[in-house]
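Listed after this line are the structures, all set down as structure tokens.
You will see two complexes here that share chain A, one where it goes with chain B and one where it goes with chain C.
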Partner chain A sequence: MDVFLKLLTGILQEGLVYGIMALGTYVTYQVLHFPDLSVEGTFPLGACVAGAMIASGLSPWLACAAAFACGAAAGGVTGFLHVKLHITDLLSGILTMTGLWSVNLAVTGGSAVLAFYNRPTVYTTGPAALIPASRNSLRALAVAAAFCVLMKLLLDRFLRTKSGLLLRAAGDNPRFAVALGKDPGNQMILGLMLGNGLAALAGCILCQREESADIFSGTGMIVMGLAAVIIGISLFSGIRFLKATTAVVFGAILYRGVLVAALQLGLPTNYLKLLMAVLLTAVLVGNNARFAQKGGKRDVSRTEL
Partner chain B sequence: MSVGPNCEPGAPMLELRHIRKTFNRGSASELRLFEDFSLSVGRGRFVCIIGSNGSGKTTLLNLLCGGETPDGGEILLDGRDITRVPEHRRFRRIGRVYQDPALGTCPRLTILENLALAENKGGRFGLSRGVGRKKTEEYRARLSLLKMGLEDQLDLPVENLSGGQRQALSLLLCTMTPIDLLVLDEHTAALDPASGETVMELTRRLVEEKKLTTLMVTHNLRFAAAFGDRLLLMHRGRIVLDAADAEKRKLKIGDLTDRFHEISIEDGNSL
Partner chain C sequence: MMTNKLKQAAAAALAVLLCAAFPACASAPASSAAPGSSAGSSQKAPKKIGVLQYAVNASLDNCYTGFRKGLAESGYEEGKNLTLEFQNSQADASNAKMMAKTMVSKQYDLVMGIATPAAMALYGAAKSTDIPTIFTAISDPVAAGLVQSLQKPGGNCTGSSDVLPLEGQMKMIRAFLPKAKKIGVLHTTSEPNSTSSLKTFEKLAPKYGFEIVEIGVTGPSDVEPSVKTLIAKGVDCINNFTDNNVVNHLSALLQAANEAKIPIFGSEVEQVKDGCLASVSIDFVALGEETGKMAAKVLDGAADPAQTPVYTVRSGVPVYNKQTLSKLGLSLPAGYAGAKDVAG
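== the complex of A and B ==
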């Protein structure tokens, strides 16, 4: 029973952290219809920036802010490549992701893994210190939940502001944004900054749990983010009082849960990424079939906020 | 009949001077559409534009709104040269309703959110609340003027509306803030006849109320004869008929179809 409970807190903790990234993917993929591959680079970027800062003795909270800012800057580059230099959406993401590989290595000082054991992290300082260190996994869960809920609420709030409405309008119908006298391209850049900022923040929070930043941690993040968004929206968007952003976080937890369950049932770790890809494929196919029945709607769902 | 580009008194709201536009320059399919096109539209004029396919109606609208750039000449809106102004900036003083009802609104946003965005056109899109709940009564009043029952469905995503409802909403949205020019691009063409009539009536009412300078491209000759106070017939990038006020009122649909047939024969079509 204890093992089961431990497993469950583990799934929740990681699912909530990936949920932060999924919120970002929600902005880029669901609101702006932009398949953003740069998260594969910005997720580890957040980890590396935080790792380097914490290792050099800076505050872990400051590291979170810095990770978000760096991720946003990288997302801005993807947006710039796509909007101003007219490079296709996928290729813009690939270019940023590729470039970030070197940037991440530069940040960690050339090593693939940057450890910062026993330094203060968001899991050991601030409000988290109120929970006794002996309840380690509860602490991790509380921190992950706090960050995820906070980000979700902030994102919800932003999407209701004038700026947020304009962002949604630009994703929904770029001509409408033009009709409002605004350049939809700038809105796309803003959305990519937001999405990648959240991805980097997720990377930063995950790496503080492990007390080491891994430049390989980005592999498969795009699949993770997309799966969370698509599973979340297609499974939970029918529930009226549930916001799309909440559904996306649930999607991340569920996806993580399925992966962990498969590993527990004896799947070798080496096959994890393959399983991630296969699962997303299954979700996409299932989703297409479901919507084909409903009269062939192209979108995953209405963006109800 | 006066066939001349400049027959408007007073300072014009819209002026196109010596516009040149060639498509596919240098290729076998080169099309010289406008060679020396000039047009002047006075303040508060409601101009109907008709013409066969390829006559340059839509290109004219695109040149005005910024979707296309002319090869030469200049475009003035309310005395300001907007020839090189980017599209989205021009739209701060222009409202446009498209043929496709999906283009004038945000389908996945609610009616309320669409209205709130449109009302903020030209303003700052900052971090203040997007939809002011205090405004809902005002929005309800505006929507009830459309007589389509939209005032009771403020929280409905626009994608659930019919084509006619969407076009009516589009019209309302692009006239919420003060604009210099209203551009209607076959905005009733995709609607069933009854909705088309309703939307045209609404158009007339809004244009009269707000004294809007309006350009309306249409394929519906009856609408072209019945609405507006000036009519242009375009053919191969030229204005071949320009009738205003009394002269326009004398025009019958029959006259217009006759002119269309002449053009058609000119193009080598047998009737």
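== the complex of A and C ==
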């Protein structure tokens, strides 16, 4: 039972950290309808920035802020490419992601794995130190939960502000934003900055747990983020009191859970990615079927989630 | 009818989920029942080990074979008093991390990482627990941050290191190619092993009258164009390190080198078997064996990883491939008459 509990704690801890990234994906994918591929570069960017800063003796908390800022800047580049230079959404993301590979290597000083074992991290300093070091996994869980909940609340709050409402308008109905005399393009850039800032923050918090930053850690993050959003929104959107942002975090936890469970069941590593694809397809198809069951055709295309 | 089917599907899904939870809970009593059935009084208490290998690669596989051999020689036999969980992360760092965390969650008595990224993932996951980490097939554990020094690791982590016998290798290249000037080297920038080998190689080069032409690659897709660039730069031969990414694409290297009629020197015997000209190489089975014995001592409680010096192999034995030798129109140099031909 103890092992099961430990596995569960691990899943929750990782799920909550990936949940932060999923919140970002929620903003870009669900609110702005922007398929943002730059996450694959901004997630490791956050890790590399944090790694470089902590390795050189700076505060891990400062590193979190810096990671968010760097991620937001990179997201701004994607937005700039798309909105100002009129490059298609997918391509702008790909360009940023590709460029960030070199940036990340430059940040880590040329090595792809930057270890900072036994340096202070957000898991060992500040409020986290209140929990005794012997309860290590509890500590990690508490830190991850605190960051995730804080980011969720801040995001909820932001989406209710005037700027946040404009952001939603820019995604749902750009003409409405124009009618208000606002440029939806700027809102889109803002949303991308927010989304990538959150992705970088997730990368930063995750790497501090492992005490090493890895430029490969971005691989699979797009799928991870999208899966969390799609699973979360599809499975939990029926629950009234649950906000979409909460649903997305649940989605991230569930997704990690399925992966770990699959490995526990003895699924060979080679089939993990296939499982991810099958899982996503199942959720999407199930979701469509549910809407069809509720009676009546929706006047929205089925390919548009 | 429809709802019945749905219910069945839901029940099946639930069963799958329960299965996911169940073996984790059930594994403990099952293994504790095992020693009672095999009533050997001299047998050591049963242990569980998690082994994480970074990628599929002949020399890493040899390490694992040796590791099991070493454990068996020290009284830990698989199926008797040893449960081994073996995972291969397929050269994916995020897989490695997830597997490492899972292994640590399962509270194994010891975890062992083969190749640097696997060992780093395990150490990162296990360092906050009391599970010792053992590593093997790592060139520079100090640079990777796994140990403070080779003599006194300091943390709950030790193992074996294979410092490539680079000087022996360069001496051999000189003997095979007396007129060569430039040695081409491909290295993956994300593999600390290769970077540190390269530094040593560059330092040694002037002593033997060589110039090193190096190209850093970042991933699998860079290997082929980079080797062609190397050849275009007029290198007289190519030398490999124990670079996972480069070695996994050896066939691309061999094809390009065969076209240009220049030899490739491997970093271990498996590469020479596959068509490299020669190598002064390390016996990875023996390396794994030593590591297995080391792990057994830690399991016995007879050794503290923090105080156990890293076992380092520095000397290698020369091997060559006769087929490649004759294809290139070369002959075996005088000093290497005793080298073993490993051509398949």
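Keep this in mind: the second predicted complex is superposed on the first by the 277 of 305 C-alpha atoms of A that agree within 3 Å, B and C clash if a C-alpha of one lies under 4 Å from a C-alpha of the other, contacts with A are read in each partner's own complex, and residues count from 1 in each chain.
By our rule, a residue touches a chain if its C-beta (ideal position, glycine included) is under 8 Å from a C-beta of that chain, and two chains touch if they have at least 3 such contacts.
Not measured: the values here are computed from a predicted model.
In the three-chain model built by superposing on chain A, chain B fits alongside chain C with no clash. When the shared chain is aligned, no partner comes close enough to touch A:138: not chain B, not chain C. In the superposition on chain A, A:182 makes contact with chain B only, not with chain C.
One geometric descriptor of the composite model is the angle centred on chain A: between the Cα centres of chain B and chain C it reads 150 degrees, in steps of 10. Look at A:285: by the touch rule set out above, it reaches neither chain B nor chain C. By the touch criterion defined above, A:91 lies against neither chain B nor chain C after alignment on the C-alpha atoms of chain A. Once the two complexes are laid over each other on the shared chain, residue contacts for A:215 go to chain C alone; chain B is not touched. In the superposition on chain A, contact of A:162 is made with chain B only, not with chain C.
By the touch criterion defined above, A:129 reaches neither chain B nor chain C. Note on chain A: of its two partners chain C and chain B, the one contacting more of its residues is C. Per the superposed model, the minimal spacing between any CA atom of chain B and any CA atom of chain C is 30 Å. In the superposition on chain A, the residues of chain A contacted by chain B and by chain C do not overlap at all. Residues of chain C touching chain A in their complex: 16-17, 19-21, 23-25, 27-28, 87-90, 92-95, 97-99, 101-102, 105-107, 116-117, 120-121, 123-125, 127-129, 144-145, 155, 189-192, 195, 218. Interface residues of chain B, counted against chain A in their complex, comprise 86-89, 91-92, 95-96, 98, 102-109, 113, 116-118, 120-131, 157, 159, 173-174. Within the complex formed with chain B, the chain A residues making contact are 158, 160-166, 168-169, 172-173, 175-184, 299, 302-304. Residue ranges on chain A touching chain C, taken from their complex, read 1-4, 6-7, 9-10, 14, 101, 105, 110-113, 115-117, 133, 136, 209-212, 214-217, 219-220, 259-265, 269-270, 272.
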